[in-house]
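See the structures that follow.
There are two complexes below, and they share subunit A, which is joined by subunit B in the first and by subunit C in the second.
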Partner chain A sequence: MSWKYLLKRLLIFFITILVAATLNFLVPRLTPQDPITAVLGAMASKGIVLSDSESVVQMYTEAFGLDQPVIVQYFKYLGNIFFRFDFGYSISYYPNKVLPIILNALPWTMGLLLIGNLVAFLIGNLLGALCAWKKTPRFFRGFIYVLMPFSTIPYYVLALLLMYLLAILNPIFPISGATTAGAAGGFTLAHLQDLAVHAVLPILSVALSLIGFWALSMRGIMSTVLGEDYLTYAQARGLRGGRIFYHYGIKNAVLPQYTAFAIDLGKIMCGSVLVEILFNYPGVGYVLYNALRTADYFVMQGVIMFIIFTVALATLIMDLIYPKLDPRIQYD
Partner chain B sequence: MKKISLLLAVAMVWMALASACTPVTPGASSSQAASGAASDIPTVAREKTLIFENIEGRVSEPGNQNPYSNSQYLDWGLWQANQESLFYYNYETKEIMPWQASGYSYNEDFTELTINLRDGVKWQDGEAFTADDVIFTINMLKENPELRYSSDMNEWVASVEKVDDLTVKFVLTGPKPSFLNDYFVNEVWDTVPIAPEHIWSQVEDVVNFKNYDLEKGLPMGTGPYKLVRSTETEQVYDRCETWWGAEIGFEDMPEPERCIWVTCTSEEVRAAKMVNNELDSSWTMSVSTFETAKAKNPNIFAWTDELPYGYLDACPSSIAFNNAKAPFDDPEIKWAIAYAVNQQEVVDIAAEGGSEVALTMYPTYQSLKEWLDSNQDLLDKYNVATYDLDKVNEIMTGKGYTKDSEGFWTDPQGNRLNINLIYRSGESLNVKEAPIIEQQLRAAGFYATSQALESAVFYTKTYTGDFDMCFGGALGSVSDPYATMDFFHSKYYKPIGETSDARFYRWVNKDFDAYVDIMAATAPDDPKFQEAARGALELWLEGLPCLPLMQQMFIVPFNSTYWTNWPTSENNYTSPTSWWYNCNLLIHNVHAAAA
Partner chain C sequence: MTILKKLYQLHRRMPTLLPGILLILIIALPGSLFKPALDMDLTMLDGSRINLAPCEEYPLGTQSEGKDILTLLLIGSWVTLKIGLIAGFIGIGLGTALGLIAGFFGGKVDTVISTVVDIGMTIPPLAIMILIAASVQNISIAGMGVIVSVTAWMQPTRIIRSQMLSLKERNYVQLARISNVSNLEIIFREIMPNLLPFLASTFVNAVSTAILSSIGLEVLGLGPSSSMSLGSTIYFSTYYSAMWRGMWWWWLPPIVVIVLIFVALFLISLALDELGNPKLKRM
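And then the complex of A and B:
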């Protein structure tokens, strides 16, 4: 890979971020909602009726810079993001800052969706490859048809189903939450076990909804790869079936899947709102959902910038390492 | 094999992150305190733990325990277990119960309030709770406009003086007999919490102060529980064995060794957790969900054994008119709409029979019921619950309206009278009420539509006057009629387009204002107050700025598997609302279930 390509690719990356950041700034401001009014409303719903709401509105408007011209707000926003990584204060939860709100939520979302997606990717691709492999027993090949319906069921419906079957009807797993209420914390085996047990149903609902997709697409790609000359040659050379299947079949067939997976990984940041709500997982999806409902511009902008950044970064990394995965690919 | 290893590696890394950088030693370090990281705490047996639901659904920044931030609703345990109020209001006995304070008195014209503090009250670090704390708190609020209650204290408090260590005198800016009730008696939700002067006086920036450092005992309250863990989904409080109340014999030490508030996020999850005994008390449920949960776990019960099961909420359900927008500025049109709505049908369907029709904006708590009963003749004369389509026709035709070819009312200029009823999409009762009312209005000839809006859009529209009718509630009175009446005073009027607040009714009636002004300056038991209240009520009913629908009955489930002596209609030592400050009284009274 040449330096010229690398610089060009980095330039595209930054332009992508800039354009996305601009849209991120503009779109919330085009909606028919006033964030400061939303704060007053939320307070009123808790019985907080200020004696002088006008001055409070004025104070909040100035504190958030909403009284300044939009163009000034825009450049301040860009400067804060790119030079200080500061997304400002949350309007709904003032004076809490946006970044800690997002960072607190991030590990939960990343864990939940990273593992869920990885499980789906690994199992799905393996099953898809096995389904295309002639030596796979027939009954196993039929297994994919059992998994496919799960892909058609929205993940939140799957989540409810799993919760009902495995947490309510048969209380094998906890109903919700990331840990048992009041359990001792710390990096101990008991705590890790508690975390793992609570993660099973959320991860399963994400994984089951994706396995069918990966399996189907892998089966299609694998069928094509199996017809390639080098595979025929390997069989003629007398190589073991397992070696052909893995080293010559899967390794080549999975290449396009990596690109799709990389993009999927980037989308992990937005979280799986409904899964997080149903299972009470304190992730980014719920933060974004709440920000949308309460017109919290700055939290919205922060979360969306994270999503934009990670999708763009994941795509950039995948672009740059692709030649390592497939030596046939060369960049000038 | 490599891929399986990758998966395992990712899982291990995630679990390490998700244990949230938990320190080995109990309590969080100050840097981790800032982020609200989960702390290592000892195990307490389930039968010694009291678990409530955090009705907020999620704590966005668990490391912020500043009770004076405008956006902080610390009803996830801080109000109930860690903080205490100077006074509590008992809805059942109509008493103002002194707690941190021992008494109060006003001067003759209600321009001065003296509060006597209870001798022996201490902060959790052993420091005495004194007049210095009260004075410091009020002055801090006055000096920092970003803090909650700041505008209120600046409006009403001219000065606050120390008479002695246990006596504080407020000099008010004008007569305000409700000053104590409004700010220092926990009636609904919260109260002005008093800050520990010896801690907060050292803080440079009280607005951004997180008030969270477990090692230093922050948040510091006078209550019987200390915060030991705060995360997005869980708040854990352990009993403070040196609580002042037990030391001086004021109250017994509460039995639960630990109190936890956890989030549930949906009614189904809430019900499932109650059935599985993972919760001892939760947020409200609908009648059908409650009956299902009760059938699966007979230890679940509520305020009453039979319908309506629920406890009266302070905010009856109602429909607000945009009183500044034609034709809703015409009382006759509003009464025509009132005659078109069948409140009983709304109760039967939306509330599944678990409520009753409301004739006014007031919850029928004891003292308010007595007042309403004394004005029954007005309620009979202006009966908002009358369902009479003939009256609708009479009024509308009298105003020159006729029905078009589709049977909807049109004005003399041929314009159809369109009514759009908006409501917040998260309000489960309104979601059920809206289509019923829409159909009722259409049956009466009003072309009505209903629209669910997200919170931010809903509040923007209502506060700027960009609506026809909306579901709303004037939260105010619980013991006397003044606070709710004040909601409709025209001093809060803002032209359409300008941002108002919760008092968005935009109704102007100067005679009504005059009555409310009298009520503001006189004590509720004064005959002048009673006379003014009656006059205001009559004008309000005549002008009908709001259409009352039904009392809101909150079915608050309890679970007696681990804890007993919950408040019920038979055992009504307090209200069952675990999300208000007065949950303190509930915690003090529950007992461990027999083995």
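And then the complex of A and C:
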């Protein structure tokens, strides 16, 4: 990998963050009201009255320098985000800052996304590859037609259906939350079990819709790999079927899937936000939902900025390690 | 007779097209063409008795604000489709224009447009839409379409650009060029007709992405203020914990319609993909 490519990629990363921050700054200001009045108005319309609203207004007017020219405000805003990771204060939970609220919720989201995606990526790719493999039994290859609708149904719809089937009709799993209310924490077996039982449905909602997506695209890639010369050669050498399938088939076919993963990261992240909301799972998405319900504008902006930052960072990392995964790729 | 015959031939070539279009029409018609036949009072607050299970008078029951679910559903299906269509048209229009310019002229213009698209694609679409929808008060249905279109133009730009790159090297385009035909004429007379199948399938995909994101926004409670779209119905059903209270007639019907819409769009795009790329072998 050349320095030029690295620099270009880093530049794109910073431009992405800059664009996101600029939108975050501009969009609220394009509306006729100033942000503070808008926030307080929205809160009042939802029946939330602040006890010391005057001090909040004053604090924000000072913090954002709302009496200064817009361009000064803009650079101050950028400075706060880029150099101090400061997203401001929550209005509902004043005087809590926005960042700790997000960081507290992060482990839940990370757990949900990591496990859900890992499960979906492994199972989906394996199923897709098996569906393209000629020695797979016929009835199993027909399985792809079962997966197809799953890839078109939005996850939140899937989440609602799962909730109804497995939490209400047959109450196997809890309907919402991440732990039983009032349960003792700590590293006890009972507590871990409690955590796991609560996580099953949200993870399943994320995973099921993604399994269909991965399986469909894997089947397509695998069927082109099957026509490659090296596969015919491997067969001519009399290698065992399982070895050809794994070492020659899957290993080559899965490479474009990593790229697809990087491209779809944003969609995946946003999907999990909705799943968290439906299951009252206390992750970043739930924080966002509460912020929207209580018109806590700065928490909302913080979460959005945070999501954009995480996705951009993950895409950057994926792009940089991709040549290590696929040595045939060369950047210039 | 000839029309029927042609329809039959079309059906033989693209067997999934007609079922898809029929499904969409069935979903769309009651809320659009037959709207005058619907009793709009039933969608008003306290229009009927609250929390009724499906009965003769209210085939799908009523919800906790006294709105009739069936009427909400018929109107909402068209509202949701309309949002998708508006966003789809904006997306495909903007995407085609940018893709044509980038692909045809190349050079610096292409670099700028491609970089903008690349950056736009790394920003999660829902994040930007939430930001806009939460800042605007009283969103109209058309406004919702515009908000959702924020993310519907990037994919079309990419697809049209790459098609343009391959089309402009074809012999007939080269011939038109050396015959001193103007750029605009080349684009509209030589290249556009060949792009049409791609435009059709890209349009359907853009509509489907737009509907997906619009419902996502509505489930968050950021829908149009008339609150009659399918996503808003789901939002209110979770808001009043309909599922918990066993009111399946409130949350299940909109979900069924949403799934049907996506299946219909999937069938149509499957057919159009084949039209755009006849070499695509069916497995």
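In this text, the second predicted complex is superposed on the first by the 273 of 332 C-alpha atoms of A that agree within 3 Å, B and C clash if a C-alpha of one lies under 4 Å from a C-alpha of the other, contacts with A are read in each partner's own complex, and residues count from 1 in each chain.
The working rule: contacts are C-beta pairs under 8 Å (C-beta built on N, C-alpha and C of every residue); 3 or more make two chains touch, one makes a residue touch a chain.
Fair warning: this is a prediction, and the values are worked out from it, not measured in the lab.
A.B. asks: Could you tell me if A:16 is touching subunit B, subunit C, both of them or neither one (first, second, both, neither)?
C.D. replies: second
A.B. asks: Going by the contact rule set out at the top, does A:294 touch subunit B (first), subunit C (second), both, or neither?
C.D. replies: Only subunit B; A:294 stays clear of subunit C.
A.B. asks: Between subunit B and subunit C, whom does A:237 touch in the aligned arrangement: first, second, both, or neither?
C.D. replies: In the superposition, A:237 touches no partner, neither subunit B nor subunit C.
A.B. asks: Once chain A of both complexes is superposed, is A:168 in touch with subunit B (first), subunit C (second), both, or neither?
C.D. replies: both
A.B. asks: Give the label of whichever partner, subunit B or subunit C, reaches more residues of subunit A.
C.D. replies: B
A.B. asks: Using the touch definition from the top, say if A:138 reaches subunit B (first), subunit C (second), both or neither.
C.D. replies: neither
A.B. asks: So, does A:324 touch the first partner subunit B, the second partner subunit C, both, or neither?
C.D. replies: Neither partner.
A.B. asks: Classify the contacts of A:187 with the two partner chains as first (subunit B alone), second (subunit C alone), both, or neither.
C.D. replies: The first partner, subunit B, only.
A.B. asks: If you stack the two complexes on chain A, which partner ends up touching A:273: first (subunit B), second (subunit C), both, or neither?
C.D. replies: After superposing on A, A:273 lies in contact with subunit C but is clear of subunit B.
A.B. asks: Mind sorting out which residues of subunit A both subunit B and subunit C touch, each in its own complex?
C.D. replies: In the superposed arrangement, which is not itself an observed complex, subunit A uses residues 31, 38, 42, 160, 163, 168, 175, 277-278, 292-293 for both subunit B and subunit C.
A.B. asks: Write out the stretch or stretches of subunit B touching subunit A in their complex.
C.D. replies: On the subunit B side, the touching residues are 3-4, 6-7, 10-11, 14-20, 22-24, 34-36, 38-44, 49, 51, 58, 60-64, 69-73, 75, 145-146, 148, 151-152, 154-156, 188-190, 207-208, 229, 231-234, 236, 258, 260, 262-266, 268-269, 272-273, 275-276, 278, 314, 426, 454-464, 475, 499-503.
A.B. asks: Using the touch rule from the top, collect the residues of subunit A that touch subunit C in their complex.
C.D. replies: Against subunit C, subunit A makes touches at 12, 15-16, 19-20, 23-24, 27-28, 30-31, 38, 42, 132, 149, 152-154, 156-157, 160-161, 163-164, 168, 175, 219, 223, 263, 266-267, 269-270, 273-274, 277-278, 288-289, 292-293, 297, 300-301, 304, 307-308, 311-312, 315.
A.B. asks: Which bits of subunit C are touching subunit A when the two form their complex?
C.D. replies: 115, 118-119, 121-128, 130-132, 134-137, 212, 215-216, 219-222, 234, 238, 243-244, 246, 248, 251-252, 255, 258-259, 262-263, 266, 283
A.B. asks: For the complex, give me every residue of subunit A touching subunit B.
C.D. replies: Of all residues in subunit A, those touching subunit B are 31-44, 46-53, 55-57, 59, 63, 90, 92-96, 100-101, 103-105, 107-108, 110-111, 114-115, 118-119, 122, 160, 163, 167-168, 171, 175-179, 181-187, 191-192, 195-196, 277-278, 280, 282, 286-287, 290, 292-295.
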